[in-house]
Amino acid sequence: MFRLQDDFTYLMPVHFGGGRFTPDRVVRQRTTTLAMTYETDRGLLEQYIPEGFELISPEVQVIFSKFTEIDWMQGGQYNLVNVASPVRFSGQKDDLEGSYTLVVWENRTAPILGGREQTGIPKIYADIEDLHILRPHYMTNASYEGSTFLNLEFEAEEEITGVEMDAMRSGFSSVNAIGWRYIPKVGAPGAELSQFVLYPQGMKVEHAVAGKGSLKWTTLTPMQNPAQYYIVNSLAALPVEKIKQSVLFEGETFLHAMGARVIE
Amino acid sequence: MFRLQDDFTYLMPVHFGGGRFTPDRVVRQRTTTLAMTYETDRGLLEQYIPEGFELISPEVQVIFSKFTEIDWMQGGQYNLVNVASPVRFSGQKDDLEGSYTLVVWENRTAPILGGREQTGIPKIYADIEDLHILRPHYMTNASYEGSTFLNLEFEAEEEITGVEMDAMRSGFSSVNAIGWRYIPKVGAPGAELSQFVLYPQGMKVEHAVAGKGSLKWTTLTPMQNPAQYYIVNSLAALPVEKIKQSVLFEGETFLHAMGARVIE
Amino acid sequence: MFRLQDDFTYLMPVHFGGGRFTPDRVVRQRTTTLAMTYETDRGLLEQYIPEGFELISPEVQVIFSKFTEIDWMQGGQYNLVNVASPVRFSGQKDDLEGSYTLVVWENRTAPILGGREQTGIPKIYADIEDLHILRPHYMTNASYEGSTFLNLEFEAEEEITGVEMDAMRSGFSSVNAIGWRYIPKVGAPGAELSQFVLYPQGMKVEHAVAGKGSLKWTTLTPMQNPAQYYIVNSLAALPVEKIKQSVLFEGETFLHAMGARVIE
Amino acid sequence: MFRLQDDFTYLMPVHFGGGRFTPDRVVRQRTTTLAMTYETDRGLLEQYIPEGFELISPEVQVIFSKFTEIDWMQGGQYNLVNVASPVRFSGQKDDLEGSYTLVVWENRTAPILGGREQTGIPKIYADIEDLHILRPHYMTNASYEGSTFLNLEFEAEEEITGVEMDAMRSGFSSVNAIGWRYIPKVGAPGAELSQFVLYPQGMKVEHAVAGKGSLKWTTLTPMQNPAQYYIVNSLAALPVEKIKQSVLFEGETFLHAMGARVIE
């Protein structure tokens, strides 16, 4: 019969075996990232920030990344669109600033499962195009079963160097990503498990270009996207008041795969 | 700020809202199903049956289903390959027979997430072909990033009617699917949540054909399927000693969406 | 060395062999079809009708079909969106009415190649969703690399029977599809081969439902669809003045695979 | 009505317009290429070389390329697997050496259509994985509807520099790709159009690594790949006697888009 091993960590299905818990394990991947931050309406955005958090500024950051040479995926790759806002968490024990993850779309299921179940990052599936590159123009989109819901465009303007590059490197070198890990009760309303999880992540920016970014959300009907239409439409309802920063960069991502912790 | 509602059930991301918990809710979908059961080696199979369960017979049931007109997916569709074995569970409170789910591959992420987090069904992603139908020949396959790992073939022979059909209808009208819902600790080995969940499911068989089935598992390397190779290879290592039953049917599936319960 | 066989017909690559030309070969497939016809502006539509043809009425017919159990594809399947207008051809030898094919999108490349090279049907690729069915609602869409360009919706109202069904059966039992087969010169402008081809096709309608249809074209940019944006945008520029007929049916398609002929 | 323009070149559908024929147009794209050449049996390989050509040596070259930043696709991308052998063509007018294209698989339909109809390159569709990269290991595969038919693996060993690099640069700077453009008669056996086309292509190799390559062909049944099984199986029947050269490189591809010519 199958027996759990004490010092192992598992994901479903459990009974084919797990892996030794190795707290110092660092996972790496190459990344090409297009990041945009825009100001929006504070009241509308706060609807989606849970109690216990304070919205530092009414901003939404949308990040497209293409990850390649992912070592924990044996050299595989995937794309994501990460949507987050800057928050302060003031708990019983922890008081910290971070990036509250509103939603992440990924075009590969394996990292979705790990991200949700291990660290509470609310990942869901979408088709996400690789960047189309006709220098200096870049574009990509996210869609669900043929229905476009997000367009991202970027026009590269100038390489980031010097002090500005130092600031950018530093900003991305350690990001306090925060997720809400929530597992429902079986056969009843409410949570069997509900925790906020801090998952520090770092990117080593190697090369960066500033430019003009634009993005467009398109609302969807339930028939177009049954499990996500309300998420898309909630985001589409937030006005894009001003795009503050648009940057494209290449680099490497380092993750302490088991370095997340519950915050209280 | 976002606040949870008491009588709601949620999935990540929680903060865009959940749905009212409605215990009587029945979800429906059309199904075309190809089911095969084969005998295998008891000792090898028992490696994957957790303590607390007893293997009733050394059998593996592989079911391909194409679900369409899925009402909770607003009319969408997806394919699955369900792999399970017959077990008896003898717990503190519960004593029952059921079908222990070894693994389920699905080609759509939304039902994977719900199945894992709500009911512990160990669903993972694969590309699964629709049935190719050149009567009386049927075939499909499952693959991961271009690497085939399962081939299913079927040659229809005769329609199932009369007493045999009654038996079949009755057999599929209520299936005690059992999953192991397991959520790991954050930042430590072991489980934050570990439960066996019973999820009764029913199919109304409308039309069925018996025939000759065959299936072939192909082993994969970690580079071919980083997150699942050991699952595929564990199943591929189980000898297909004798295919006992192969049947193709059409019908409707009824699920009490919130009718699962933890067994102890 | 490879040598051509006299009574064979070939497609590229030629040197791995072709198939015997069998003029009586009938190919069959199951079909689920959603057909809509709308009136548009005559002048705008006539821009796309070549000289030698006369537009019988300023109408565009859009047909979505899902073909399954395709015998020449060994039981495989694919989806298409066919866009055509009613024309009269008055040539030196031939005088006939037919359906001039403006464009066909298909989600499988093999039938695209055969359709273009053997019979001049201007097939190109798009992702085309299977029908989402939440009775009485049906919807599908066509997209290119994540950019939606066509939405089709249908609400079933009443089964078609009696005289109306007879008329419909008769209308679909033989359709004079006309394509313009055109192969460019190598290293020079103009055509190496330019012919109009008549490809009679028949559907046996088994079951049909009338209803309310709607469709929406969405324009695309060159970066969204480099090889087709001008086709999409030309169609999107034709006003949908009135949807005359919307019907959903199931049936079987019979094609004399080699029954096409050049018209002059 | 639609009228052809004299100095234009067109692809189906013609009636939405073509493009001006511009003989000097150069199209560019970035490429990551994995190239392997192997010796095989002369007699078996010659079965697929048409009369008029002489096989220079019994070799098969298999090239995987990922093309990105493709300017004629407005910055889009696609993957291909090109299979060719070295030949001498001795015609009435032309006497030249080149690379006879046995088959090309591509995972995007638009370049397949242009390649076939404009220059006779026998392109067909397959799913082709992006390179999985776990340095120094690289792998990819080609599959059709879930059935793997080609595995490519590479282990990087040493960067190519100096004289060797010069030779390689020179070898790839101009390749005489030869295709057989063949369009069948309508309603009869035989060809309406049959020409050999020379399409000179050049790659500018920027960075190259030599290593150990391996490849594996897997045969398919007609139900697994109805339109191509005999092509796959013909190639799979050629023994891989010795892999002569395996190299991975990055660079840029330059094509005189309209620089092909018919050879006689």
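Going in written order, the chains are labelled A, B, C and D, and every chain counts its residues from 1.
Assume a contact is a pair of C-beta atoms (placed from the backbone, for glycine too) under 8 Å apart; a residue touches a chain by one contact, two chains touch by 3 or more.
Composition by chain, UniProt nomenclature: A, B, C, D = Acetoacetate decarboxylase.
Keep in mind that what you see is a predicted model, and the values were worked out from it rather than measured.
Over half of the residue numbers found at the subunit A and subunit D interface occur in both copies, marking it as a same-residue contact.
The most distant chain from subunit A, with centres taken as the mean of CA atoms, is C.
Per-chain CA centroids place subunit A at a distance of 39 Å from subunit D.
The distance from the centre of subunit A to the centre of subunit C, each centre being the mean of the chain's C-alpha atoms, comes to 42 Å. Centre to centre, using the average C-alpha position, subunit A and subunit B are separated by 30 Å. Residues of subunit D in contact with two or more other chains: 74-76, 132, 134, 137, 139, 145, 223.
Across the complex, subunit D meets subunit A through its residues 68-69, 71, 74-77, 130-135, 137-139. On the side of subunit A, the complex with subunit C involves touching residues 127-129, 132, 134, 137, 139, 141-143, 145-148, 223-224. For subunit B in complex with subunit A, the touching residues are 1-4, 6-17, 20-21, 23, 46-51, 53, 72-76, 101-103, 108-110, 112-113, 116-120, 122-125, 145, 179-193, 195, 197, 222-223, 226-228, 230-231, 234, 258-262.
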